Amino acid sequence: MKYGYYPGCSAKSTAPELDATTLALIDFLHLDIKELKDWVCCGASSMHSVDKVLHTALSVMTLDAANAEERDIMVQCPACLAHVLEAKEVLSKDSELKSDVLEAVGKQVDANMKIRHFSSILHDEYGLDKIREKVTNPLQSLSIASYYGCLIVRPPERMQYDDPENPMVMDQLMSTCGAEIVQWPFKTKCCGAGTAISDTDVSLDLTYEILRMAKNNGAECICVLCPLCQNNLDLRQKKIEQRYGEKLNLPVLYYTQLLGLAFGLDPIMLQLNRLFVDPFPLLKRKGIL
Amino acid sequence: MQELVKKAKELIESKEVDLLIGYQSDGEKGAKPLFVKNTQQAEKLIFNQYCLNNLVTYLKRPDVKALKKVAVVAKGCDIRSFVMLLSENQVSRDAIFIIGMTCDHVVSPDGTGENEKCTTCKVHNPHLADVVLGAPVPEKIAKDKPVHYAQLEKLNAMSQEERWAFWQEELSRCIRCYACRQACPLCYCERCIVDFNTPQWIDTRSNPRGNFAWNIVRALHLAGRCINCGECERVCPANIPLMLLNQSLQEEAQEKFAWEAGYDPESQPPLTTFRKEDDEDFIR
Amino acid sequence: MSENWEPKIITFVCNWCTYAGADLAGTSRFKYASNIRIIKTPCSGRIDPMFIVSAFEKGADAVLISGCHPGDCHYNEGNYNARRKFTMMKRLLDTLGVDTRRVVFAWCSASEGIKFSRLVNEVTESIKKLGPYTDYHSLNQEER
Amino acid sequence: MAEYYITQSKMTALLKELASDSGMEVFGPVKKGNDVFISKMDGKTELCLDYFISVNSIKEAIFPRFEPILKYKLRSEGVELAELPPIKPLVVFGGHPCDAASIPLMKDLFSWDYKDHFYLQRLEKVVIITLACVEKDENCFCTSLGGSPHGETGSDILLERVSKDGWQAKIVSEKGKKFIETHLDFFRDTITPEKGIPKLQDKDIPVMFQSDRVKKWIEKNFDHPLWEEVASNCWSCAACTYVCPTCHCFDITDDATMWEGVRTKNWDACTLPFFTKHASGHNPRSQSYERYRQRISHKYSYYIDLFNHVSCTGCGRCSRVCKAGVNILDIVKRIDEESKKGEK
Amino acid sequence: MARIGVFVCWCGSNIAETVEVSKVAEVSKSIPGVVYSVDYKYMCSDPGQELVKNAIKEYKLTGVVVASCSPRMHEKTFRKAALEAGLNPYMLEMANIREQCSWVHNNMDEGTQKSIDLVRMMVEKVKRNKPLDDISIPVTKKAMVIGGGVTGIQAALDIASGGIPVVLVEKESSIGGKMSALDETFPTLDCSQCILTPKMVEVAQHPLVQIISYAEIEKLEGFVGNFKATIRKKARYVDVDACTGCGTCWQKCPVKVDSEFEQGLGKRKAIFIPFPQAIPSRPRIDAENCLKLTKDRCGICEKVCPTKAIHYDDKDEFMEVEVGAIVVATGYKIMPVSAFPEYGGGQYPDVVTSLQFERMVCASGPTLGDLKRPSDGKLPETVVFVKCVGSRDPEHYHSYCSKICCMYVAKQTMLYRHKVHHGNCYVFYIDVRSNGKNYEEFVRRAQEQEGAQYIRGRVSSIYKDGDDMVVEGADTLTNSQIKVKCDLVVLATAMEAPDGIKQLAQKLGIGYDQHGFLTEAHPKLRPVETATAGIFLAGCALSPRDIPDSVSEGSAAAAKVLGLLSKDTLDKEGVVAIVNELTCVGCQNCIRVCPYNAIELKDICNRQGELQRQVAHVNPGLCTGCGTCTPSCPSRSIELQGFRDTELYAEINALAEL
């Protein structure tokens, strides 16, 4: 295992807790993962509809950055993952697009590296057994609904993440940490983050459905991996509660934060205090903190 | 040698066999076949590293087949061809008395050094015989270890065009004397396909076409059967490296069908059987 | 290579799968290159490796051999036997420096009319790129 | 008469020059592995001049392994005869006197009841340049059949080695003379004979049997068990006959596509199992020793009846090539001994 | 000297459009040996055949080449004509200039040139053909039907009624098949059991029918008229002959497991009959769940059995039957809900298949006809039916239409409304296909009179929200997204080829398509035959069918069997291998490769009876003419007549350049 970490722009702006916890886990588990020096923004979510060549070129530059360090790529943001995987596809066979992209990049770039999401790496490269050994603070009796979002599993041929209808990677990570996992139908439903600015009502409707469904199925908190989902579910929860007149109070945590908790890492280092829906009462009630 | 002569005399005297086929010396550094029918002839029998001929080849001959019982002096490698004859119903085990000779190695056809075939030999000690003579020789290669022929490497390294040119040059000397066929213990057809003219599959002329087709069919008919005795190449008056073809197919049989000829008389030659899961990468 | 040279592709097929597949291509009107000449045998097991040699001798630029998919043989196992023979023949031709890009083996079932037509077109195209098989045809000289 | 010499390098140059000229066929010694073969050359062929004796004889230069004798094309109007390739002038270099000695024998045969103009025309056009022997081995027995290591019979030019790299050229025939005159430049050098150049005398190859005695025995002993004893290890290939300078059997085969055909004269051999196989399936010479008996009897008896000459020059090629250990000299010597016994 | 006639067919414009037929006929005249050639508009017509016949007589033809369609189409026609004109039928060959020329090429020049080549190849072949005689082989007057569903039952009954004994082999422990699990049938709404059971009884009681239940085909050898089947009778642990079917054992058996017959909605015992009307009404023990067989405990059934019919040491048995013809009626299976993760993937008990729904409403079902939803037994007030689940979905599942779903969904909406008069039912559909007698009327009745609400569109997801099931989908008529809350979802999942069908097809040597359905010899003209003579197909083994179609095909296959077995002997094509005993050396290559064990060693003895040598010998009755033996023979001592080396070589040779 030798990966270069591609954090993407969200982790460096709106979701610093994702970045911080990722680095904390890498450190704690002694993984050979290092942030790529020359990674580039993937251009999500608008670039691909503006200029296909430049859009692809952005991701190709990230691939090139990994080549330079002779590392495979570890990604945290599903949008980034989709785009670097797409770029790898483009480079894998000759096409006009490929030659245009390489011309834009100005050099030959090979794409023989592995590209994987951090959760996949933890799940089947590091392995659940080793994770179980590291758990010192089991998340016992905490009912967690894992919410994967729409991007990480789609399109399945490209993402190769897990069963697109019922992914289990995070569920298994969480149950390994001792949590109760909630089976619920909206694991991969769209949260509408893409329209959060342009048509907030649509986004609120969708997000409400997700939160409500999680709660109805017995979830006490939600575990996410996508910075946009996290934002949408966490930041807008208060507004949703007001709008639909329903108390939800569902903390929305990154899986990295929950793993960190199970490993006994410091909650402040895990930046739990940065969440809008305060998780501390719940965690204290459960005896996790 | 005493042992061999004694055994031969015993067999002849007791009339257990009608004929014994062995080796006699041929000059200082040579040996040639000897047909022994009386004890006096048996005195001439020898066995040494110059005994290159695969005498099993005589067992396919109708006049030898017609005899009630024949003894044959055979090295392990020769016995592999006997095993193939058995498996293909060409000899009756009861009609042949095999005097197996342990053998460290024989000389190369030009009389200098160890014969190349001995470097891949797994049967320095005869694996099927009625009597084994000579001191046991340690086997150097395990039975289940695949054999690799070093001399193929050069050919394999060539480009397709180079191989074509190589063989056209080599085969241009073929005079179609059929020494390769006649000396081969496993070319036993009553009527060779080349002598078949409805249709004339193979041009009988020693022109490029005929020579190419002949050498294809010869190698093909030995595919999965050749036991690497090297006789065809040794007897070729034109010095054509025929064993390259045979060995290439031996390697194929080994790689694709996990098969080596001439060890187990109960098993079927690979082209008369199949496995459903046989490799078919080359088929679209 | 003459201007209007067209490759000659001699094709050996089994009666039950590929011949029927070729018929299906016909009834479905899937167009394909007219360079092939089909010789029908009952089963791919009947296809003798020496057919390949004869075809080249008679001026073929490529040989296409096709039978039933494994398990589909009308005679249960003819194609399995054929597959072993073809394996050996291919290796032998390779060893002898024959251009084995010109010897194409395929499985094509009675329901694969579209595969058959594509196969013919692909082979024809690839042989057009390779040009006439002059190497082999040059063996046909009558003088020493 | 003028004396002619030629160096090895000039000879090589001459043959290469002739070989490059498409109007002429040139045969010379070419090395392959440890052996030398008299092969058809082109301008690029590397000649080998350092050898004892070639595996094959010069026979195939004049009597090709295969030769078209009739060609036709089928037209809608009917059959149309096609032209045969012309018989080109040719030079054969590198045989020994035992090769050349076969020429008159073969000529007798091919101009016997039927005149084989393919052979005869080629014979008219060939220049045979023979190398007198400087070496011998245990298989050589030309002297037993009236030959000589420096015999001239059949040659047009005989080259006798006079130095490490040169020969003196002896004109044997008119054709030889003309050839030297045409290529005089190459034969102009004078070479001072060196000392210590080995020369083979007749006595170096002792006479080992009497062929007339052998014939007498053969005539009377068709069913003698000796035949089976001496030839049972023969495995019936044609190597001996195809390297033999005097074996001359051929077969006629037809080869046709739909629209054209060719009839070819093809080497064949009495030692091959199918040679005498009848359509009925019966084979009068079904066993290998019977076939080998035919070979010896033909050469040492039947041929004499027809042409008053043994059809063997004592070159020993058949014995050298036979890996089954059938040795013609041993066999003929055995027969001679048997015959001697009988005389007493 | 060969005298060959060439007959070039226009096939109307089918050939003539792309091939200059007159030129083909003209050029053919120049082929050596051709003495007559002609082109004609329809060679297969009566006047066309007359043309061939007259020419054979008039020109004393020794061989004929008909250049027209595929030999698979008309070779028999023309060979028969040749025979009538006194020419051995094997001296006629066909050049396929339609399917493999005019229909696949556009260019007239290319088509014409290729046709000329094809004619030339066949002329060269036919010049070398030898007259062959058909081989007469005895016929075993007995048939086997594989599959005891309604199709197989019908086939067995019809064959037996024709006086031919039948062996009916059924995989399960009772005949009856899928139909026995249905409630009422469309479009008449008559009770399935009521119409099937009498047939089951009839077939069971027929003196010429032998039912072998809980059995599978292990091996099939032989050929048309002379098959030898090995049947594996799976261990039943109950002696069928001793057992009286009294039922004490299954009443006392303490083990309860999900019933396959009830589609998992009800329970059965470890010793059981699948349903009360089972035939034979003899139980079997389910070895995986029986306490005695798994843990060596219990043994109650043995103790209570009054006839000592229980044998725990029972083993699979093999029986061989010789039959002359076989009907394959192996039916179908339907896809389980677990195959559809987007529809809950089997995690919601209230998403059921249509076959489960049949059991839920059936009066003999686990709830005795009281409609209760599986999760909590609640009466479903709203039911959503989803059609084309797994069908017509080439990207994910099957490309084909399962044919019967439109009709049974309409039926099920009615069955539902008959039970729950106030209930709502919705049907998501792509199209409504109702092309059968009274089918359209039936669907309209469901829609117009019985209150089924049809929504045109596909369903994207199904999930549970509280107590409700939620079906999300599209309504493509209003172009809107739609969400239906309901109590029960019924998925009309696709009909699929049953498990093990490929293995069975391979054992029988018959073809199957990419879906696993068995292939007919010709989709239109030989719909119940396979490419293997003597083996016939019927029902859903071929592709999805409804009951009337399946029953008709059962009868059709039976008619084929009766036709075949009506004669005492069968004429078999003379295309069999033959050995040249003069040159054969008995190396056994051909014996080893022969798929039919049709070759054996034969001793050649001299006049004193002493063994001289051994050669191969072909049993022409067993030889099927595959020709695998020929290339295996290094000396070409075994040849397949009709496809001899010299004939095939002549075809290659005909392609040599001018």
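By letter and in written order, the chains are A, B, C, D and E; residue numbering begins at 1 in each of them.
Rule of thumb we're sticking to: a contact is a pair of C-beta atoms (placed from the backbone, for glycine too) under 8 Å apart; a residue touches a chain by one contact, two chains touch by 3 or more.
Keep in mind that this is a model prediction, so the values were computed, not measured.
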Chains in simultaneous contact with chain D and chain E: B, C
Of C-E and B-E, whichever chain pair has more C-beta contact pairs: C-E
Per-chain Cα centre nearest the global Cα centre, belonging to chain: C
Rounded Å distance between chain C and chain D, as computed from the means of their C-alpha atoms: 45
Averaged-CA centre spacing for the pair chain E and chain A, given as whole angstrom: 51
Distance between the centres, which are taken as Cα means, of chain D and chain B, whole angstrom: 31
Touching two or more other chains - residues of chain B: 191-192, 201, 203, 207, 271-273
Touching two or more other chains - residue numbers and ranges from chain D: 65-66, 257, 264
Shared interface positions of chain A, touching two or more other chains: none
Interchain pairs in contact, sorted by label: A-E, B-C, B-D, B-E, C-D, C-E, D-E
Footprint of chain C on chain B - complex, ascending: 155, 158, 160-168, 201, 203, 207-209, 212-213, 215-217, 219-220, 223-224, 244-245, 248-249, 252-253, 256-257, 270-276, 278-280, 282-284
Contact set on chain C toward chain E in their complex: 8, 10, 16-17, 19-20, 22-23, 25-27, 29-32, 34, 37-43, 45-51, 54-55, 58-60, 71-78, 81-82, 85, 109-111, 117
Residues of chain E touching chain B in the complex: 582-589, 592-593, 601, 614, 632, 634-637, 645-646, 649-650, 653
Residues on chain D engaged by chain E in the complex (per definition of touch): 74, 76, 257-259, 281
Chain E-facing residues of chain B, complex: 88-90, 188-193, 196, 198-199, 201, 221, 268-269, 271-273
